[in-house]
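To keep things clear, I will list the structure first and then write my remarks on it.
Labels run A, B, C, D and E following the written order; every chain starts at residue 1.
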Amino acid sequence: MADAAFLALSVITIGSAIAALELRSLVYGAIGLMGTLGGVAGFFLLLDSPFVALFQIAVYVGSIAVLILFTVMLVKRELIFKKIEDPKRKWAGIGLMLIFMVAIGAVILDSGLKSVTTDEPPVDFREIGDDFLTYYWPALILMALILAGSVTGALVLARREDEISGPRTD
Amino acid sequence: MIELTSTPMILVAILGTIGVILPLINIAKNEGGSNAFYATIAFGALIASIGVVAFKILTDSVLPSALFSEDVLVDDTFGGFFAIALLIVAIFTTVGSYNYMKNKSQPAVYYSLILLSTIGMVLIAYSTDLVMLFVAWELMSIPTYILVGYNKKDPSSNEAALKYFLFGAFASAIIIYGISIAYGLTGSTNISDVIHGFAVLDADMVPLALLSIGLFIAGFGFKMGLVPFHMWLPDAYEGAPPTIAALLAAGTKKAGFAATIRVIVLGTVALNMDWTFALGVIAVMTMTIGNIAAIMQKNLARIFAYSSIGHAGYILIGISIAPFSDIGIQASLFHIFNHAVMKGAAFIAVAGIIIALGTSSLDKIKGLGRRMPITALGLVISLLALAGVPPLNGFWSKLMLFGAALDAGSVVPWAPWLAIAGVLNSALSLAYYAWIIRKMYFEGETEKRVSEPKSVIAVMIFSIIFIVGIGVFPDPIIQFAGTAAPTMSLSASP
Amino acid sequence: MGLELINFVIVSVALLGIGIYGLSVKRNAIRMLFAIEIIINAANLNLVAFGRFIPHSGGQTLALFSISIAAAEVAVGLSLIIVAYRMYQNIDIADFRSLKG
Amino acid sequence: MEYVLLQAVFLPLLLSPVAYILGRKYGPNATTWFSFGVLLYCTILIVLAAMQGTYEEHYPWTEMFGEFGFLLDGLSSPFAIIIYVLSTILVLYSKPYMIRHFTKQFEEQHHSEVASSGVQTTAIIESTALKEHVNKQSGLYFALFLVFAMGMLGTVLATNLIEFYVFFEVMLIPAFFLIAIWGVGPRRRIALMFFFWTHTGAAILLLGFLTIGLSVGSFDFVDIKESEIPKDLALLAAVAIIIGLGVKLAAFMFHIWLPYAHAAAPTPISALLSPAMIGIGAYGIIRLIIEFLPMQYADLAIWLHIWGVATMIYGGAMALMQDDIKRMFAYSSISQMGYLLFGLGSFSVLGLSGAEMMYITHALGKGLLFMSAGVLIVTVGTRSISKLGGLAGKMPITATCAVIGALTIMGVPPTSGFMGEWILFYGALETALEEGSTLRMVAFGLGLLATVLTMSYLLWMLKRVFFGKLPENLTKVKEASWYMTAPMMVLAGFTIVLGIYPDIFFEKIIPYMNGVMGV
Amino acid sequence: MATDVVGFDVGTIAAWAVWIIPFVAALVVPGIGKGSKKASGYFAVGMALFSALFAAAMLPGALAGHEIHDQVSWIDTIGLKAGVLADPLAVIMANVVSWVSFLIIVYSTGYMKGDKDIVRFWFWMMFFIGSMQLIVLSDNLLQLFFGWEGVGLASYALIAFWYRDKAQHHVGKEGYSALGISEYYSPTHAGMKAFIMTKVGDVMMLAGMFLIFAFAGTFGFKELVGDTTWAVNMSAAGLLVPAGVLLFGGAVGKSAQFPLNEWLLEAMTGPSAVSALIHAATMVKAGVFLVARIGPLFFALAAAGIMVDQFFEIIAWVGAITALLLATQAVVSTEIKKVLAYSTGSQIGYMMMALGVAGLSEQFVDGYTAGFFHLISHAMFKASLFMAAGSLLHVVGSRFMTDMGGLRKHMRKTYVFMWAAGLALMGAPFITTGFWSKDAIFAAVFESSSPWAMPIFIIAVLTAVITAFYTTRMIGMIFFGPKSKHIEKMEAEGHHIHEAPRSMWIPYGILATLTIGIGLIGFSAEGGIHELFTDYLDQSFGIRTVQHAVESSGLPGILAGLNPIALGASLIAFAIGFGLGYIFYIARWVDPAKFINSNIFFYSFHKLLLNRWYLNAMIYWGFVTTPLWIARSVSRYFEKPVIDLGMNVGFERAVAWSAKVVQGTQTGVAQSYLFVFGAGLLFVVLLLLV
């Protein structure tokens, strides 16, 4: 059962990742990305981490992907459908990807990870909260600063200023 | 649990508060408020912070260079050392920005982002936990993505920001991937636990540990501008507002080194030591490519960008031989400090030139010595210091770096080659530094003087005093770097 | 639970590879953002998987941080893309090459 | 006497801004005499200190790299004295030469400006502008000059490897500016080339220093002398140091920069660069290799010897081919540095003493020659030998001084050149006999033949410049001013006094060398 | 500071004063010259006389066999002392030098009258004399070398005295060249040539000095004689003869012996007074003096069982070759001073021959005396001849003998004196010093026990024949025959050919008279010197002379002590030489030009001689043209392309090229960058794992 679920999730995740990158339309690509993110959330469930899975769906699928979709919508149609890869670069990229996968895969398969299994019960998600408040609390403060900074910054950047007029091509 | 009165937390309190409040004031004032107002506040906050760090260090209320703690942060001299260097850079940037940001929109957010980024940098140096480190890393990076693209009307600023962002995000992902493996192998994110975990690793797990180190090198190396992760750097530095380039080159880059020392070096002393050979190779590649590429450049900012790549190579020498020489880390720290000041001054000078002349193209700065004498003098001093000409501070740290490499030669035979490569590169680098001097002083003899931005002059004067002062009496900083440098052995960890 | 850790890690490596491919080939800025997200997710998958098999709460915590930071990054990235789009009416990264040499 | 050497080294540096301001405010006269006074004072200090025998000063500096000290012993005091004497004298000599140069530069610039702007200025404005220009430039010139002198002195007095290196580099910077600002021809390019190559050499030198210093654990000369350095390391260090100093000495194959730099530099600076500065390489070899690494020196001596012979002959042969008089002297300097190297490789007390004496006599002789070339440039306005001739009658003092300078370089008694040369060659022969080495014998023979070569090119130069038919356009040439001739006469006097009574320096040098060679 | 003389001693003071006075005079002369040029001349004459008087003051002691040795400290650090050594050899030499030079200085006051650079002339003349006296009176080799180089320097300055290179001061025929080497030399060129060529010898001498110093640890002559262990060691190392030969090399250069003879012939470009000084008293005699100084030293070693024969053989042969070589060339030269120069070289060859042969015979003193006596007589007659030639040049205004002719009526005094001196040169029997000294050389050669005695003797006699011939030719060409076109032209222009002023003819008159005067008592004069030297050599060097009973040679009266074969050869040689000369040039029965052109052999031989055996040309090719060519090639094909272009430009280009390459990778395309990033990641990982 678990194996079947894992297989299915794997196919969905990897397949939609490829789709996200390769589909001609950017909108479909975004939907493909949502598939990947959802697939990963599925994996999280499979790993007995429902809290993270929920967070993943909430933040990623719910907000990030939607944000991306909106941005995609903002962009002109012809840009969305333009497929402009350089074939040489594409093959080089595929080669790099394959070597990468083979190399790192070989390292991993060769290592002791091969046979790690566990019989212990999953971590209670309350421990996560404990972690946050006792050990990681300074990081949490920084996290807040990151969000504050990125939001103000993104706002400043994205704000339309009237001086900007017309495209520049230099 | 780390106390609220420890240095990093006080810094977070001061800078974080001001950093968050500045945009709020801006909104409260209904987008009013002058550049000078925000700059003063930010400057005050930074001065207060540096005062706190200095006070803490001088009163000996910080730990000696512990580098390990059971907590996510540790208040030690290593962090203090970086905090001082990075805060100086932040002050340079803030002061230099005062003139640069005149008549530009949204100064409040600009200063706020500088402050936030500064916190990130400083906290990297204080981190003893991978998660903390990662979060601080992001706090440092994300504001700078925005700052690089802050000139919204300038296409090259935007282009630079995009490239920087793509690389940065990629690198972050790589880092977190690396953290995931390290965590997976040792079951902890605390650096000291990771080290101990690595030390007792089964033989068949060691390749994985090395894989995680490789990922760290790539991730941190992007910020440090190590070859081959350097490609974004010249473009970003050139396109960015020059003050921000100063922050990047002198600040974030140094934070990258802090992370490297904390994580890579210390974290892997536990593994076999041969792996630092990889760092050595990267060091040689980095300095060679950086210096060679700098030679034919036409733009000051770009030259300095490449030069800072070259300097990353020098610093990496000290790190790569850290396990074999007592003074390796010390030398690196010293050079980090010096480079922060020199490169900061150089970029601020570029900012001054851009403010006054509107360009940083090498052909347009002919006769700068006559047009902007103080800026030019500051630039010359920092150039000579970068080239390692005695008796300026850059000389001493290079001296220590090469010395450390030779010193390590008795343990690892490849180490002296680093010194030789470094020395030859250092000589080669003189070619383009002297070229700039030539343009400034020996051409354009009929140029007339123009008014120089005051804030830039202030930075120049400070840096001249600092560079020459440390050049004549390097001992204080060498000592400071010595106390900040961690001891390279497992027994030092708790 | 009969699944082995190695399966998850392999999927994660596959995602990482795909992400790198996407970054080095795609020219559309938004698609590059996709690739980055894929890599981050690969890392998250790793984290959670390791956390489950140790077992330890740190993996999940870190994953949560990672997700939030990814969100912040995306926000900034998208705003940069928007600025670029306003300026050039184009989001083809390969066309942004005025800075070089 | 306290702080004597500290004063002697740093006064010129500290007072260089004063020289600059004096120049700007009161013109070349004031700054010339001021600089002269400063250097004269320092020279007297040095001479007084040297007369006391070995004299040392130490000041705390850095913990890691050791003390900051000055040492005036049998090796360094002749170098120090010669450096400052030459510098002092050249200050006076500089005045007329440089004023002429400034004026010329101003005119060129002014013409180009007028040509480009098309605005006519009145003569009055022009003359005040000229005056301002000359004032400004002379202030700058003398300030740099003082720093240059200080750098050279510091190098030979240093008691610490790092201190040595610092001064070694410090003297490059003013030299770079002096060439780049007031040189002739493609001066900036040449200044860069000069800076680049000598810096490269210095950087290699630094590697050697670091190797020694780190293996000893201290950079102070005192400690290095007493400690033993692992053999293979020491050999590497020695090679690095020799190569580094070889660049400064402009030894064969590393002489790339010298003909350009010396030909392009303003003549007073050439007269300082060529005799005083490059010879510091020899000082370095004696101090650092022969004194500190005697075992390695024993291995390497023969190579230095052969290298010296090659340099001698090569430099001489190239000097024969030159038409530019300063370039010819530059090659001649290369050849002379070959003598020094030859002496350094001789592995005997007298050979080493001879090398040091050669430094002194080369300083005097080449100083004279460059100064007379400067007189020619000022009075005749050309440096091409083929355009000169028969000037002996027009400028008897210059001609006499040039001949004395040439004789010094040739090593004809009673000039000091002979005293250097015979000791040098005798030392070489002594070792050759002792070792029964045919190679050394051959080197000795070739070295002697090289003196004939030296003589040939110098006599030929004298013949073409001062003798023979006077070209018609030179009939109105006059002797140069006293500012230029008096310093030359002083040097000429020195070389003859020293040639007749060399013990002035020998009594310092030879006991020192005895100590070094352990005799 | 005197070491072995306490208190003041006239001899000691004199020994110092003789050489110091001229130097002091040289330093003072320019100062006086500023005031009055004339006064400077008188001052010079006075100082020369002063110096000569001091030399004379030493003479009585020296003749009595005393020697003066006085030292002061000099280069203490290596234990060198300066000192004077006035033994009989040095004192006699000092007197010859100082008196001959005094006369030449007197002559110069007339000869150089009105020259605007006269002060410089006086300076260098005094310097010249001082240097020569320094050589003579030095007690060690190093100090001697100071004088040695001083002489070279002064000769350089004086040969090139007329440095403006006007045509009348050149030597050689304009446009004349041999093997493509021009043999028409300007004063400056000649000066340079002299300096450089003698320097070659000096360098050899220096090497010899060093070799000796390396073994003996001293340069002092007395010390060298005193302890001969150094020689034993040197001989064991096989370096004794090389060292001696190297020292002799110095003499070869300075005395213009083969193969370093060529400079002497161009040394004519200086004023005639200078030529006289160089040829008679100073420069070239320095070499002979040096050999006379070191010869006994080496010969004395033979007693210690050290073989030094080769050393003397080389000296003898070099002398012999030079004598013949230069004499043959004198036969064809048309420049009066050049003839005399050839003759000088040739005569010096005789002296060397004698000194060399001395070392090869049992009776060292015979050859030694002969050589030294010839030096003295040569000094007198050659100085006289040169000064006379100077007068002729002065009067006629041309250096070519073909421009003279028939002058005997106009310049009677010069004519007579020249005959007197010329006869001495020819070795006219019984009345001239030249005869006696030459005869002594013949005898020494003939009696030497060397296997080379016969060939050298034949050469000597042959040279004597040629000498007599060319001297006759010279006098014939100048004073006999019809007036040349040049003189006719001068007279047509109103120049009256007249005798030279008194200040000029008196000095050479004195010397010519002396030549004949001493010649008349020549044999006993020689005997006196012989005796003096016998004692001297015995005392100073321990060279014992066996006083063998005077064999009855079958010769009458005063000639009883002479070797009949030598005497006969000498007489025959004079007769043949003078006879041939008379036929061709005085009586002019045969036109020499026709004679030469009559036969291809004569013609080509004449040509060979005229081209100086091509020796000059070969030296130029070997040591000037070829090295210059090599230097030029190295400059063109190594210095410029390899060093200049290769290391400066090439390096620059290489860096620029690599900079371009590296910058080429920075395309500005983010994808490429990211690709590199990815690849770099892979690279790092692999680097770590491998």
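Couple of notes before you dig in:
Throughout what follows, a residue touches a chain if its C-beta (ideal position, glycine included) is under 8 Å from a C-beta of that chain, and two chains touch if they have at least 3 such contacts.
Bear in mind the structure is a predicted one, so any value in this text is a computation, not a measurement.
With contact taken as defined at the outset, chain B and chain D are each touched by E.
Nearest to the global CA centroid, when each chain is reduced to the mean of its CA atoms, is chain D. Taking the CA centroid of chain C as reference, the farthest chain centroid is that of E. The chain with its CA mean position farthest from that of chain B is E. Between the CA-based centres of chain B and chain C the separation comes to 26 Å, rounded to the whole angstrom. One inter-chain figure worth recording: chain C and chain E are separated by 97 Å, centre to centre, where each centre is the mean of the chain's CA atoms. Look at where the CA atoms of chain A average out and do the same for chain C: the two points lie 5 Å apart.
Annotation: 79 Å between the Cα-based centres of chain B and chain E.
Touching two or more other chains at once are residues 131, 135, 138, 142, 145-146, 149, 152, 155, 162-163, 166, 170, 174, 184, 207, 211, 234-235, 297, 431 of chain B. Within chain E, residues 663, 666, 668, 670-672, 674-675, 677-679, 681, 685, 689 each touch two or more of the remaining chains.
This structure has the following touching chain pairs: A-B, A-C, A-E, B-C, B-D, B-E, C-E, D-E. Residues of chain C that touch chain E in their complex: 20, 23-27, 32, 93-94, 96-101.
Interface of chain B with chain D (complex): residues 327, 384, 389-391, 395, 399-400, 402-403, 406-407, 416, 419-420, 423-424, 426-427, 430-431, 434-435, 438, 441-443, 445-446, 473-475, 478-479.
The touching residues of chain C, when paired with chain A in their complex, are 1-11, 13-22, 24-28, 30-31, 33-35, 37-38, 41, 44-45, 48-49, 51-58, 60-61, 63-65, 67-76, 78-83, 85-92, 94, 98. Those residues of chain A that touch chain E in the shared complex are 89, 92-93, 96, 99-100, 103-104, 107.
Contact residues of chain D toward chain E in the complex are 193, 253, 255-256, 314, 317-318, 320-321, 350, 390, 392-393, 407, 412-414, 418, 422-423, 425-426, 429-430, 433, 444-445, 448-449, 451-452, 455-456, 459-460, 463, 466-470, 501-503, 506-507, 509-511.
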